[in-house]
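Some structures to go through are shown next.
Look for subunit A in each of the two complexes below; its partner is subunit B in the first and subunit C in the second.
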Partner chain A sequence: MKKRAQTLSRMKRQENLIGYLFASPWITGLILLGAFPFLASFYISFTNYNMLSFPRFIGLTNYRILLSSDTIFWRSLGNTFYHVSIAIPLGIVLGVGLALLLNNKVYGMSVYRTMFYLPNVVSIVAMALMWLWLFQPSFGLINEVLSPVYRLLDIEPLRWHQDARLAKFSLILMGLWAVGGPMVIYLAQMQDIPNALYESAEIDGASWVRKTVSITLPLMTPSIFFNFIMGLIGGFQVFTIAYIMTSGGPGRATYYYAYYLFDTMISDQNMGMASAMAWILLVLVLIVTMIALRLNRYVVYLGEES
Partner chain B sequence: MRTIIATILILGTLAISAGCSREEKSEALTIQFWHLNPVGSPGFSQMRGIINAFNERQEAYFVRGTGFSFWDYWDKLSVAISSRTAPDVGYRTIDDVVARASNGVLHNISELMRNDTSQNNIDLGEFRESQLEFATWQGDLWAMPFSATTRVLYYNLDMFSEVGLTEADVPRTWSELHRVAKMFDRVEGNTITRLGFDPTYGNTHYHGWLWQTGLDFFDDELNPTLDTQGHLDVLEWIIGFNSDFSRGQLTAFGEASEMLGINVFASERVAMIVDTDGLYQTLKQADAQITYGVAPIPVPDEDGIRVSWGSGFSLEMFDNGAGDEFRRTGAWELFKYLLEHDAQIALADANGWIMGHRSAMMEYAGGDPILQAILEEIDYAVDKVFVPYAPSWHGADWFPYYTEALDGTLTPSGALAAARAHLLQKRANWEATR
Partner chain C sequence: MTEALGRVLPGLRHRRRIRNALLHLVLLTASVAFTFPFLWMLFTALKTPAELLQGTAAFFPSVPQWSNFVTAVTVIPFFMYLMNSLIVVVLVMLGTLFSATTAAYAFARLEWRGRDVWFVVMLATLMIPIQVILIPTYILYAHIGWLGTRLPLIVPAFFGGGAAFYIFMLRQFFKGIPKELSESAIIDGANHFQIFGRIMLPLSKPALITVMLFTFMGAWNDFFGPLIFLSNPDHWTLALGLRAFQLQFGGRFDLMMAAAILMVIPTLLIFFFAQKSFIEGITFTGIKG
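Let's turn to the complex of A and B:
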């Protein structure tokens, strides 16, 4: 009996060993390419490091400077919060709206769904360049369409991304073009809602609005919440569209946090400060996500309790 | 059948392996050289020819050139320097040589020159003093000027003759520039269709205009100035040059050309523009069907200084700390070769750049009057100062305030004060981390 137990134990160890062996390429990659840079950046955030000489430990100085005497830090953070607080709710509203629209049995619906999803497979650089054309004040399609309105109101054509007051909102509008991604998730969940619920509501005389508000939306809250969290994480890292379309301008109107981090590293050659910024961003995203997860139980339908 | 397939596979593998083998001399030490002519770029074959010529004229070293696109090169090199895997020889920008020299990542060129008793030592007399100064740290050279750039005024003679002007009317002062420029402006409805000149178009910068008045961004201790009436006057001159148009109209007009992929000067949308020698290359390559010329950038009417921003690349020998004397000697031989008269002409031809070697470039310019005029202007070019606490002071630090002043969201004095405060704060923060 004892011998059998030993054999089983040896076999289990062997099996574990083989398992680790198969997983080792991934584990090695995780440690070398993930964990090491992660920990190194944490250490570098406490140093003065210009990428030419060795990092020199300076304690919390980078953090103190960023939080107490760097006005651009707060401005870029403010711009990022503005982007997150408007882009995410708008994205959810539009995504859910589109999903409701495309959840009908109309001829050629799969074509419409594909068309709305297509922008998600377009490179963000190509997308930004296309929107530069659309927003162009002199010959852009948007201002061409709006030209009767401008004439009626006797106002100058809007300068969209070139106007400091409109630039952030222009980039948010542009981002909505890719709302087809979340829409697919909403649509999938919508189609999971049992038809019996709608049939019962119809027997009770519920209208389409009533069914949407009382059945569809509550049952969709898990996917809305999922997209909300993903949007938060992505929103705090907004960079590429501003880098390509506005270079952070006009002025610093679209100078987002990640853009400032990039400039601190590349233009100022201050890797220590940039690492500190990255860690502050991580903590911020964690806090906001944790708050959102706390709200989870109040707003998300998680099924009937037994 | 199996034997036939196996034989084909083995032969194929051998053929591919043979094709992959490098044409290196078996006993030669490989010297790494990074450049900006990647495979597929127009200058790739010429650059390969330049490298091959060096490999063929000596036996001891084999230079392996690696070309990167302009947009990838700088970040790759920065990371390579940081990780002590930099190439033996490569280019960087000349204005920040001091940063690398003071951090010990470059070989001392003056020391190599002093120890070199060969016939082909570098002739410093062939290079401009203004560029050599930027390559100097603590009295020694740590790099050599490789290319040279300047900014000049391009004028369209077809458009000049259309309004009854000739080459004699090319403006020399700011007031002449304004008077001549206004003869070309055209507006249809709310849209500009043609413009004489704008001080923000092309390759112009606030500091370039500032230098013409004898003022600078920083004092000798690298403190930001920007708080004098002179600084304000220059900014107001830029903003007010086309005051009959809104900034929205001007930006839309400039951006429209850019987006349509047409050069605003080549397409005869502006009569005059300040740009680098790169525009000349663009016009030549595009075979632009316009008659044009180049002249010094107009200067302020009173006590104006003939000066332009002249950035350029430096040639550097990177020290990865290996202490390999043989490698250093090989890199030095390549370094000298790339700065030789003939190699500089070949490099100018390969890249379309104006190189640092003066007599080589005079020969290269030959009977080309535009290139000769550009070369003459390079003698008046000055590079921007390297500010360790704000290496990108003219870009990421100043530009947002500049655009706010242009857009009118900040007053000119407000923009200057805000930019100065920002730079002072940046300096204080930088010093706190020392």
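Let's turn to the complex of A and C:
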């Protein structure tokens, strides 16, 4: 009996070792390329460091400069908030809407699904170049298609990404082209809803609208919430489309937060300031996520028990 | 009663048919909006510069300029970019497969101290904006002389860089494989390395394929990583090459679309042939995540 207990504990110790062995590549990476840089960037954010000389500790100076006297910082933050607060709700409405349409047992559902998803596999650079051409004010496809409308209303053709007032919205519009990604998730969750729920609602005489509002949408809140959080994290880091299409212009209209951070880091090599910006970004994302998680309790349906 | 039903049913069927027709009309319109840009890209790539200036007046290319594709691959070192992309993509795929499967096995099948804490940490890394760790890693790579080489794009993949989603996905998949299989293998004297290599991996082919597809797409399309780390033009990937193309020939949308199509075609083909794995992978991360 005693011997058996000993072998058992030896096996346990062995499994412990093997467990760490299997996880070791990932854990090594997490410590060296995750935890260490994470803490280091926090320290660097309190220094003045340009990669040439030694980092010099300057306390909260970077944060103070950014928050109190850097107008570009606030401008880029405002641009980013604009982007996030319009792109995410629009994306959710459009994605859920398309999924609802496809959830009607329509013939050819998977073909439609494929077509809607297609833009998601396109390289973001290729996508940006393509939309640059579609938005082209004088002979781009969008203005050509809209030209009867312009004539009817007797207005000048819109200049899309070249118009400071319209540039941010143009980039949002272009982002909606990839709404098929979240839509696939919504659709899958809709199809997971047990048919019995709809059948009993039908017996009670519920209409399509009623079934959608009372059954489908509440049961889909987990995937909507998932896409909302992912959209937030991604949206706060929007960079490439502006870098390729507008260079942050016209007149800084699409100069997003991540773009300013990139310039501070790569062009100015001001690593202290860039780190401070990164940490402000992290805190912002965390705060917004926390708020969302709080609301989540009231909004997201988690099953009968919870 | 039956008579009344007989009167109601044709009306219902009629209404359903109208509803279905409307539904397809909306869906077809949406499909055009999502897919027509691809066709327009192709039309543009086959036009002459003069036709470009006519907009939709010259809707189709009158004489397809296939030579635009030849020009596109010769005015920039296209094949060098392609090779560079392939080098990075293949190595990132290998690295991710290695680090994600090993970690997933540890999380799914092994008892080790602190496992659950590490697991939560892994999920938390998904929330952290890359900029927070980018700057110190950039400084680190600069100090060890890796800036300007491909190493910063490749080496992290072997250590689970960007693999949190895949680890999670594979862990769930491994957990679904009957435990009896590995238990009987242990009785037969197999160790964990043999179970991992001879039982788990062969049985997880669909999940491994999904991971490979997603890493391929991610690495092939990645722009930000190469932009930060690949300062040497000889190492540029297609994404950077396309950007260089834009800076050099910004007005020539015919050539630019030709180059863009060449970069997009592999991802479209892979998606068409592996749709099922894709859709399953996406819905997996979205619903069970």
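One rule holds for everything that comes next: the second predicted complex is superposed on the first by the 298 of 306 C-alpha atoms of A that agree within 3 Å, B and C clash if a C-alpha of one lies under 4 Å from a C-alpha of the other, contacts with A are read in each partner's own complex, and residues count from 1 in each chain.
Here is the rule we go by: a residue touches a chain if its C-beta (ideal position, glycine included) is under 8 Å from a C-beta of that chain, and two chains touch if they have at least 3 such contacts.
Since this is a predicted model, take the numbers as computed values, not measurements.
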Combined model on subunit A: subunit C and subunit B, fit or clash: clash
Which partner chains sit in contact with A:L281 here, subunit B, subunit C, both or neither? Use first/second/both/neither. second
Quick check on the superposed pair: does A:F239 touch subunit B, subunit C, both, or neither? Answer first, second, both or neither. second
For A:I18, decide between first (touching subunit B), second (touching subunit C), both and neither. second
If you stack the two complexes on chain A, which partner ends up touching A:L261: first (subunit B), second (subunit C), both, or neither? second
Which partner does A:G181 reach: the first (subunit B), the second (subunit C), both, or neither? second
For A:T212 in the superposed arrangement: first (subunit B), second (subunit C), both or neither? neither
Winner on subunit A touched-residue count between subunit B and subunit C: chain C
In the overlaid three-chain picture, which partner chain does A:V121 touch, first (subunit B) or second (subunit C), both, or neither? second
Just to be sure I read the superposition right, which of the two partners does A:F139 touch: subunit B = first, subunit C = second, or both, or neither? both
Once the structures are superposed on A, label A:N296 by its partner contacts, choosing first (subunit B), second (subunit C), both or neither. neither
So the subunit A residues that subunit B and subunit C both touch are 51, 132-133, 136, 138-139, 266
Touching residues (chain side subunit C, partner subunit A) in the complex: 20, 23-24, 26-27, 30-31, 34-35, 37-38, 40-41, 44, 52-56, 98-100, 102-103, 105-107, 110-113, 115, 118, 121-122, 125-140, 142, 156, 158-161, 163, 167, 192, 196, 217, 220-221, 223-224, 228, 238-239, 242-243, 246, 253, 256-257, 260-261, 263-264, 267-268, 270-272, 275, 278-279, 282-283, 285-287, 289
Please name which positions on subunit A make contact with subunit C in the complex. 12, 15-20, 22-30, 32-34, 36-38, 40-41, 44, 51, 98, 101-102, 104, 106-107, 112-119, 121-126, 129-134, 136, 138-141, 144-145, 177, 180-182, 184-185, 188-189, 192, 222-223, 226-227, 233, 236-237, 239-240, 244, 258, 261, 265-266, 271, 274-275, 277-279, 281-282, 285-286, 289
Looking at the complex, which residues from subunit B come into contact with subunit A? 75, 78-79, 81-82, 99-100, 103-105, 190-191, 246, 248, 251-253, 255-256, 259, 390-392, 395-396, 399-401, 403-404, 407, 409-410, 422, 425, 428-429, 432-434
Of all residues in subunit A, which touch subunit B in the complex? 48, 50-53, 58, 61-62, 65, 69-72, 132-133, 136-139, 156-157, 159, 162-164, 248-252, 255, 263, 266-270, 272-273
